[in-house]
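Each of the two complexes below includes subunit A, the first together with subunit B, the second together with subunit C.
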Partner chain A sequence: MPTGIGFYIVVFWLVVAFLVPLVFPIDPLTTNPSRRLEPPSADYWLGTDNYGRGILDRIVGGAAISLSIGAVTTVVSAVIGVVIGLIGGYVKYLGSVLMRINDGIMAFPGALFAIVLVAVFGRTFIVMVFALAIVFIPIFARITFGEVVELRGASFVRNAVSVGASSTRIILRHITPNLVPLLIVQATFVCATAITIEASLGFIGAGIAPPAPSWGVMVSEGQPYIRTAWWTLVFPCLAIATLIFGMCMLGDRVSEKLNRPGGSDATAV
Partner chain B sequence: MGNNVLAYTARRLIAGIPVVFVVVFLTFALVYLTPGDAATVIAGEDATQEQIEAVRVSLGLDQPFLVQFAAWGGRLLSGDLGHSLVLPMSVGDALLARAEPTIMLALFAQFIAILIAIPLGVIAGRFSGRFFDRAVNMFAVAGIAVPTFVIGIGLIMLFSITLAIAPTGGYATLSEGLPATLGSLLLPAIALGVAQAAFMVRITRTSMHAVFRSDFVRAATMRGFSQQRLVFRHVIRPGLGPTISAIGISFATLISGSIVVEIVFNLPGLGRLLITAVQNRDIPVLQGLLLVITLCYVLINIITDVIQAIVNPRIAL
Partner chain C sequence: MSSLLELQNLKVEYPIGVGSVQAVDGVDLRLEAGEICVVVGESGSGKSSLGLTVAGLIEDSNGRITDGSVRFGGVELVGLSPREMRNYRGQRIGMIFQNARASLNPVRTIGSQLAETLQSAGSRLTRAEVSQRAVELFELVGIPDPLARLDAYPHQLSGGMCQRIMIALAIAQEPRLLIADEPTSALDVTVKVQILQLLKKLNRDLGMAMLLITHDFGVARALADTIAVVYAGQIVERGPAAQVLESPQMPYTQALLASIPHLRGQATDRLPAIAGRPPSLVNPPHGCRFVARCAHVEDVCASPAELRLVSPQHAARCHFPHLPMFRPSQENGGQR
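Presenting the complex of A and B:
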């Protein structure tokens, strides 16, 4: 396993989320009251839920939601966080102010902060990404800031300054490339954590509003039938567990390869 | 406790002030930015424009942002978190009424987590690279990866439904006796504790691994000390520093985790209060919960740092 099991799990879910719907029509939303809570069968491979919707269809639809939330949140928070970290690390008088604000935002327990943001601004995909981004921006900003402050004193940066390189050039050509390994490691864990928080919020009824096929919402809707219709719960639970487990394994492998600390320990937000 | 530790405590408290200020400010700003108008909500659905305006003036919502912030901050200092829009009580009373199950759950879960994490971490660190270490690492990744509500559902399916030896939920208050409370919280605390332990065990393992390979432990081994004496006298104390800070950091996941676990097991705690407030858009309650929990978390982190300085006095220098 040169790339590790985590890589294959993540690829599997990417295929399920974005290629399978192109080949097989999926319908996660249409309800069918005459076929409620059916066990797995030839018609419905993973059974149906309380509204007669196919569990498999909803898992495929939910995979797209989960992965999109993870990816968009990670990209948005990485870009904004890195810019803030670069500015803070490079413009001395802004640095301490930005980092104090950063510490303040990081002091909020991430999931709780996201719940309140989503409750206040509305339970939509965009608000969810925005809420999660606010939680994760400070993490990227903090890492970037620390690295920039360290690199600013490094001899190759001082050399560039002494030969008259502009600040823009130093930031883009000399500092940013050194941040990349650190950011990749962080990104895999931010992505996994974002997906976990989205699923958890969906489960407790504070995430993206139903009927969107969020995995967390599926588990929550299945819980009343825990004694009679196990398939409404077990399959979405397995989906969440495997995807996030795969991402954490992948992240561990990446951080090992790049020989950078971080690892799953970074998921404590 | 030496003077160094006292001075360090003072420094940490002072460093906490800007954080607390930012937290208070953001919590206020969040609600100020809320789409929709609190006055319209409070005045009721069939209020006239004049009535809404009167409510707005009486709440001070017609004042500029900074004036409102100062007024709100002033009330906060006297312990007044405002009044719930839905419940017939103040936010402070609502929090107090729901705090017990959450605090008991959090403490019980953290206790279970420590009980699992420290022995596993020490043993894995001692035998790093071997089968046991790898098994522990897999457990840790799985525990971190699988969301708490999935673990909770799994426990209910196994212990409450298949084996039928535990209730599917509910809470016995402390007035019914501590054993009853702990009994009702056993499954929820395990669900939450496993996730917490997963995070701690990795940090403990890494730190123990480093200590087991340090010169002073090798020297102690060469002097022929028993394994037992080695571990308990030489390794545990220096190796526990990172674990202590992990316990502090993990209070954030503990809080988020308890909210979710309370919903899984239907416990009447702060998580339930939060969800009710989310569904009713009861902004003062949301604000109060966010603020109180975050400030507790900031305080816990400062306390953890101080404990760490006591265990390892070099930190305070």
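Presenting the complex of A and C:
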């Protein structure tokens, strides 16, 4: 099992996001105008924001949003992307068509594309995941395609053909299991990138609508108070930074364990 | 009664940008049930393409059959749809490859790969029957402790063990013909002998015909009923093993046999080698293809040589069969 610092950081944030709220009363939403912009204290460990909400509560609430968006986006885009890549890689005459469409979608800057979709369809979780998935599907499709093309010529695939295996069987039983290591590595980077984009969109006001405690929104809201109430800005930034750092470290570690050359064959946006 | 396998004027080429490589150029070959035919040739002679074609795998290797026929048990295989061809692969024609470990799926246990092959024949075997059959097969190919091996991954096994497993996979559906492409080339000498003995045993006990492809006359000597020597995409000599080995008629075969090291030779002898290289298969020479490297060239050699019988079952593609055994030495080996 690949461990290392990244693994522990990611586990830490998973615990914070999904276990802490079950044990401690977390209230990221209720405003308290009488206690605005308080510095860290025994009541509010990380201080309060401009509306008197606890920074800690909002970070914990935001962790769940960030991780859910990262995870759901990764799963959705991986499933769709892998199916496209498998079909394109195995069915020769479809390959170039699918990959050119793929290139077309990839030509759009990811974040910009997401902004447009969110602007059109609204600032909800589902739209967010959908917008991010469109950004990441081509990445999964492309790496799957490349790997399938390579595996299609592998000796064990030829051997499977020689014992009479059908195309379906070769795709599902021989090629797909061999994609897993590559996909795991790719997934960690896509997850980290999805979380970053979500935070970025929150920051510029195109993320999940307030008052939901998105980290990017928190950074945006804390920005004016950098001189007077630094905790409103610094702690959400630290949260984003540590989570992304942890995920990238985890991805590197996994990729090392799986004997892939660095994280270099995982594509980040 | 037709032969088990009958190749007629088989031509296979690989398209390359402009033009093509004529890897197999008019091969005629016949293989009876239960017979072992060894195809001997050097790298690039087209011997592997020949094996892949018979197994119906040539299209997967980017080659294409341009002419000729492959009849298996009287049925023409050239032109069968992929779906029809699948009924032959594994069930009637098995194939094993050179690099056994690479030929096994690295991320799945060998038990699951074998079980899959056993079930792909459309047989409705229960789980217990599958594992029982797997154990039987492993015992047949000489894998010790078969039950424990079912859960192993290819990287946990030695090269010889992987080769045995691949043989087990290939014979799982009891094909009547086993094509073995350099089955022992990646193995060390002791394991190689064991694998050859195993192939011989399978041939004897199961009556499985074999088309063995190798560059190694030692393999031919050990197993062959008949030998076909391939050069530049053509069969240049063909006949019963003893005749080909004892009285080779084609200068190429003679030179190949002469270049095998002997234990009893003088230590100072240099091993004879055939000078030059095989001709390009993109634009093969019009005449005899060995002409540039042959020691007996005369004017007639510029015209194509036919495969002619030199004795009832023994044929050679040479304008001058029956020449005395040619033994290249340092003096004449490099000249023409």
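Criterion: the second predicted complex is superposed on the first by the 260 of 269 C-alpha atoms of A that agree within 3 Å, B and C clash if a C-alpha of one lies under 4 Å from a C-alpha of the other, contacts with A are read in each partner's own complex, and residues count from 1 in each chain.
Here is the rule we use: a residue touches a chain if its C-beta (ideal position, glycine included) is under 8 Å from a C-beta of that chain, and two chains touch if they have at least 3 such contacts.
Please read all numbers here as calculations on a predicted model, not as lab measurements.
Q: Will subunit C clash with subunit B on subunit A after the two structures are superposed, or do they fit?
A: When both complexes are placed onto subunit A, subunit B and subunit C end up side by side without any clash.
Q: After lining up the shared chain so the two structures overlap, which partner does A:50 touch, if you call subunit B first and subunit C second: first, second, both or neither?
A: In the superposition, A:50 contacts neither subunit B nor subunit C.
Q: Go through the superposed model and pick first if A:68 touches only subunit B, second if only subunit C, both, or neither.
A: After superposition on chain A, A:68 lies in contact with neither partner.
Q: See if subunit A has more residues touched by subunit B or by subunit C, and give me that chain.
A: It is B that touches the greater number of subunit A residues.
Q: Just subunit B (first), just subunit C (second), both, or neither: which does A:32 touch?
A: Neither partner.
Q: Touching A:247 in the superposition: subunit B (first), subunit C (second), both, neither?
A: The first partner, subunit B, only.
Q: Figure out whether A:113 sits in contact with subunit B (first) or subunit C (second), or with both, or with neither.
A: In the superposition, A:113 contacts subunit B only.
Q: Once both structures sit on top of one another, what is the angle subunit B-subunit A-subunit C taken between CA centres, to the nearest 10 degrees?
A: So the angle at the centre of subunit A is 90 degrees.
Q: Minimum Cα separation, subunit B versus subunit C, post-superposition (Å)?
A: It comes out at 15 Å between the closest C-alpha atoms.
Q: For subunit A, what residues appear in both contact lists, the one with subunit B and the one with subunit C?
A: Touching subunit B and subunit C on subunit A: no residues.
Q: Subunit A touches which residues of subunit B in the complex?
A: Subunit B reaches subunit A through residues 18-19, 21-23, 25-26, 30-31, 33-35, 140-142, 144-150, 153-154, 156-157, 161, 168, 199, 202-203, 246, 249-250, 252-253, 255-256, 259-260, 263-264, 271, 274-275, 277-279, 281, 283, 286-287, 289-290, 293-294, 297-298.
Q: Can you list the subunit A residues touching subunit C in their complex?
A: 154-156, 158-166, 169, 173-174, 177-178, 180
Q: Residues of subunit C touching subunit A in their complex?
A: 55, 57, 60-61, 86-91, 94-95, 97, 99, 102-108, 116-117, 120-121, 166, 169-170, 172-173
Q: Once bound in the complex, which stretches of subunit A touch subunit B?
A: Its residues touching subunit B are 100-101, 103-105, 107-113, 115-122, 192, 196-197, 199-200, 203-206, 216, 219, 223, 226-227, 230, 233-234, 237, 240-241, 244-245, 247-249, 252, 263-265, 267-269.
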